[in-house]
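In what comes next, subunit A is part of two complexes: it sits with subunit B in the first one and with subunit C in the second one.
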Partner chain A sequence: MRSYAFDIAHLLAGGMVVLSFLLLYQTRITAVLNVFALQSIVLSLSVAWQALIQDAPHLLITAAIALVLKGFVIPAALHRIVQKLGIHREIEQVYGGGPTMLLGLGLVALSILLVLPSGQNVSLLVREDLAFALSVLLLGLLMMITRRNAVTQIVGFMALENGLVLAASGAKGMPLVVEFSVAFSILVAFIVFGVFVFRIRERFDTVDVSNIDRFRGGRGN
Partner chain B sequence: MALIVDLIGQGVQMLLVVALAPLMLGITRKVKAHVLRRIGPPVWQPYLDIWKLLHKEMVLAHNASWIYRTAPYVIFGVTWVAAALVPTYASNLMFSWSADLIVIVALLAAGRFALALAGMDVGTAFGGIGSSREIMIASLAEPAMLLVVFTVALIAGTTQLSTIAENFIGGEVGLRVSLGLALVAFICVAIAENARIPIDNPATHLELTMVHEAMVLEYSGRHLAMIEMAAAVKLVLYFSLLACLFFPFGMATADKSPEALAIGGLSYLGKLAVLAILLPIGETAVAKMRVFRYPVFLGGAFVAGALAVFLLFVSRSL
Partner chain C sequence: MIPAFPPLPLGLTPLDAVLLVPAGAMVLLAIVPGYRMGAAINVLACGLTFLASVGLLGAERVRSDFFLIDDFNIYLVLLTTFVAFSTSVFSASYIDHELDSGKLTPQFVRFYHALYQAMLGAMNLALVANNLGLLWVGVEVATLSTVMMVGIYRTPEALEAAWKYFILGSVGIALAFFGTILIYLSAQDVLGQGISAMAWDQVQNSAGKLDPKLLSLAFVFLLVGYGTKVGIAPFHAWLPDAHAEGPTPISAVLSGLLLNVALYALLRFKMILAGNTATLNVGLVMMGLGLVSLVFAALMLYRRRDIKRLFAYSSIEHMGIMTFAFGLGGPLANFAGLLHMTMHALTKSAIFFAVGHIAQIKGTQRLADIRGLSVSNPGLAVGFALSVIAIAGLPPFGVFMSEFMLVSSSFTRQPWLAVILVFGLLLAFGALVIHLQRVLFGDPSPSVARSKASYIPLFVHLAIVLAAGLWLPEPVVRWFRAVAAQLG
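Moving on, here comes the complex of A and B:
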């Protein structure tokens, strides 16, 4: 069982989980964007490796989409947005860094425990891939919850989508159409987000979403 | 005859760690001075310092109890024992059976306990604040260290250092993201335990930031020499532990021929020198942290360690 193919797949998928934690930990906006770009690049490497060991050439297209779109285009666009908003030097207040990390650890443990008993007839590689993909997904959700800045919330959403692609690459026989439509919807979502960030900024003079709570009747700060 | 050879092998290692300790401190200081564009004292300066301290008069506070007087020897003793157990140039020396990772963590904790007691013994404000900070750092660093121990133990199937090193030299371990994470966590813990930047500055006497120096502020003469020596030996201990756990290559294992031992010794010295050069460069690149940031830094180490264990668990039990 202990083979080279498995070790490299483990390394890449594990690396994605680690980078998700780095996203949670990081408070500087430009650094968050760079970590996200790195995670997308690792994702594309992981998918490409899956394509090699599964002998499924269509996964290479998925890898290419992940690399170009999420490794370079979206981070560059986010960098532009951050520059235009003038928040590129901002250090974000994260709700309790320590508890968030512990919560993240709990989520990873949860996803491992969830995938562990699922079907003994699935191969080791697929199950491990699923466990890691689920934890990347949940960590992306956690990041969306804990962040206040609209831009880093977008990054959380994108990281969540990275987890989805990782999960899909492990499962055999995902049609290419699905992958294309997911990539396309991500792009559309990104454009919508981009427009929204500027609208929020125009309306409320900030992209800190906790300020918006005030208008809903919350406490705000 | 075989017994004597074994004893000599172990004795060489025991003397080696103590003899090299001030040199390592000297190298780190020299490199740091160079990075900061200064000349710095010669690399053998720590030897001279310790020699000087050993011959100076000792000043004791009136209310110093026996704890204060014995603590330096206890600290030096346990640190030396721990350092002498970690395999350096060869595995399977005479006392290697007792060189368990958890034993080493416990020995270091005993030394820290003695130091914290001594810091509070005289009753000055500085000693107390230093002790409380030291214990806070220890309580954060130790869980992370234990997770590193678990990671390594899960991969190697044992917590005995010699066996771990031999397993890792064999190269059957393969590519593991867990080991990388454990290395990161270990480095964070080592920085905190050795009172280096960004946790503590070994060269400062600024009261706001002192941790280690605050506890030993009252010491002088040969007591101070013992404590400084213990700090130096601790640095060598962490260097050797890093080399033994993560880069054991070159160490003499079953083959105890003179050539193998020479290769082991040279590679050990080389590893120490590389680490002693890398440490001050890393220290210069980062700024000292506020005390309130320590939990985040060491919490990061803890998370890395826990993640390493989780990832290992996945690849193992699925």
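Moving on, here comes the complex of A and C:
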């Protein structure tokens, strides 16, 4: 039973890392949203599994929040925004797919090297979960850096938050307060982002963030 | 041990009031339509919160799983609520002009006042939290509310600044959260699972038994995360934009308060690591980052073209000084750091008040278009000149005292680093003097409006900074000594 629990937790957390890589090279906005939704569903499965093996029913709430909100509601809302703004075409990337993937691999290696050796008293499962979570977090960060489009940056940020939830659920007995706050922050973040997207739309008729940059010209720092 | 949380409804303790007054005012301000009424409620709520924080001095020291009141945070709550109060007075008169000139609409002013209270409440929450998760929530909510306020003018520049602030701030806060999880993981090993492994005081007490590698790793994430909010050099990119494009009262509270709160969070974690000798040398890392911020920002001061950006870089410089002081540690340097936190908050907000007046009178933030202030507005020129002289670190102001203490302490302990410190200070001093001289003298540039904003907050802050530079009252000295000892 013990190794079985270990394997499934591994599989789900590893699945999230793979989906993070998938997010990195998608060129169409709808595909990005779909992969993100899938990642959130895997996240909720992973959190639910943690609830089971840790015997911590409150984690099921976190899993439910991840499933409903990030698996369905937010992607659906973003799909609508994308439709309304008419930006469901190809999206620009700062770097090509290849170099980004290589960078991503480097980040995963880095997080494994950082996390695995530390905390010998903490069980191996927790540490490996943490390494996966850190990878997801850093890959989300990478996605935010390599995308120019506001919507994909939002998705990058939420992927990063997925990594955080994964890490929090892996930490045994972490108080509910924190999970609640994470869920809350995602909600707030989404509202803020929504406001931003609409304002940006209002002013520039585009959500390509690089268009904002042009206003820097001539102003001087 | 004082029992956890005293019963609520009518018997409000000062601690409850510090948190609940801003929360209630936020809801009220979101409903009240008139902007004059809103501004009045804002001032009133800030004033009440300040009174409540004074009440904290006399009240029982709370120490529960969620809240902790000790010497360190009482003084910061006092400072925060005081500056928030005087800024609300300034803001009430300042916002009138923004409405007249059509930069803001009444709905946005309503929104602005509600967010102001949200920010104040969140900062207080971060300061009084004992639970590390609660601390994180406080910093996060304060950041989000300032993000919205930075973007409130909705010009392309303001949106860009808010976007940048939001992205960098969120990444920072995400990394800080990861660091918090790591701290919990290392603590649950010793303290057991659950709430006590998230309580700062308990984690600190058992710091010696925690896994040093995990703690070091956690601190790296916390340093980058909360360091982004502090505006330490490699992570400062959001700071100048956010200061330059938001409303001036927000620049004042950002520089004066939010940066302090983030630094406070970082110091709490530094105190945990200080209890474990096998961890990485936190002090050295902080000294390094502090000096980098100081010298970098001092160099950046020279070629600024925007007056608010200029003083934003000056804030980076001063946060660098504080980070260096706390990194150096020891009774004297910590004392200097604490004093500098206070003096910088008061002086920098005074400067932004003056800058707010100047920008309204001259109708621009471009330094090149602000000339001859001593001829056109002598009174304002005096206030501005005094506050810039104060922040540049000239006697007899309080900033001089703290910088002097820090320099003398570092010369005895880290002479080589002290050379860099003095170099950075002189560099910044030169830049500020050059800019000040250009703004004050020469042919006055045309004024487009009269400033209706109140001058009282500016001169009250200056008076306190001057008084602190001349004579620090004995109880304050004792207080700072105790906190400096606590910081280790």
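Observations, loosely collected:
Please note the rule applied: the second predicted complex is superposed on the first by the 209 of 221 C-alpha atoms of A that agree within 3 Å, B and C clash if a C-alpha of one lies under 4 Å from a C-alpha of the other, contacts with A are read in each partner's own complex, and residues count from 1 in each chain.
Following the convention adopted for this analysis, a residue touches a chain if its C-beta (ideal position, glycine included) is under 8 Å from a C-beta of that chain, and two chains touch if they have at least 3 such contacts.
The structure presented is a predicted model; accordingly, all values stated were derived computationally and were not measured.
When both complexes are superposed on subunit A, subunit B and subunit C sit side by side without a clash. Of the two partner chains placed by the overlay, only subunit C lies in contact with A:Leu137; subunit B stays clear of it.
By the touch criterion defined above, A:Gln153 lies against subunit C but remains apart from subunit B after alignment on the C-alpha atoms of chain A. Put simply, the three-chain overlay gives an angle of 150° at subunit A, taking C-alpha centres for subunit B and subunit C and rounding to the nearest 10. In the superposed pair of complexes, A:Ala167 makes contact with subunit C only, with no contact to subunit B. In the superposed model, A:Pro57 lies in contact with neither subunit B nor subunit C. Judged by the touch definition given at the top, the superposed model places A:Glu128 against subunit B, while subunit C stays out of reach. Once the two complexes are laid over each other on the shared chain, residue contacts for A:Val18 go to subunit B alone; subunit C is not touched.
Between subunit B and subunit C, C contacts the larger number of subunit A residues.
Of the two partner chains placed by the overlay, only subunit C lies in contact with A:Pro175; subunit B stays clear of it. Closest CA pair between subunit B and subunit C after superposition: 15 Å apart.
Annotation: subunit A residues 115 touch subunit B in one complex and subunit C in the other. Interface residues of subunit A, counted against subunit B in their complex, comprise 2, 4, 6-8, 10-11, 14-15, 17-18, 21, 25, 97-98, 101-102, 104-105, 108-109, 112, 115-116, 124, 127-128, 131-132. Subunit A meets subunit C in the complex at residues 114-115, 117-122, 126, 130, 133-134, 137, 141, 144, 150, 153, 157, 160-161, 163-164, 167-168, 171-175, 177-178, 181-182, 184-185, 188-189, 192, 195-196, 199-200, 202-204, 209, 212-213, 215-216, 219-221. Remark: subunit B residues 174-178, 181, 295-296, 299-300, 303-304, 306-307, 310-311, 313-315, 317-318 touch subunit A in the complex. Within the complex formed with subunit A, the subunit C residues making contact are 131, 133-134, 136-137, 140-141, 144, 147-148, 151, 154, 156-157, 159-160, 162-163, 166-167, 170-171, 174-175, 177-178, 180-182, 184-186, 188-189, 192-195, 197-198, 211, 213-214, 216-217, 240, 304-306, 309.
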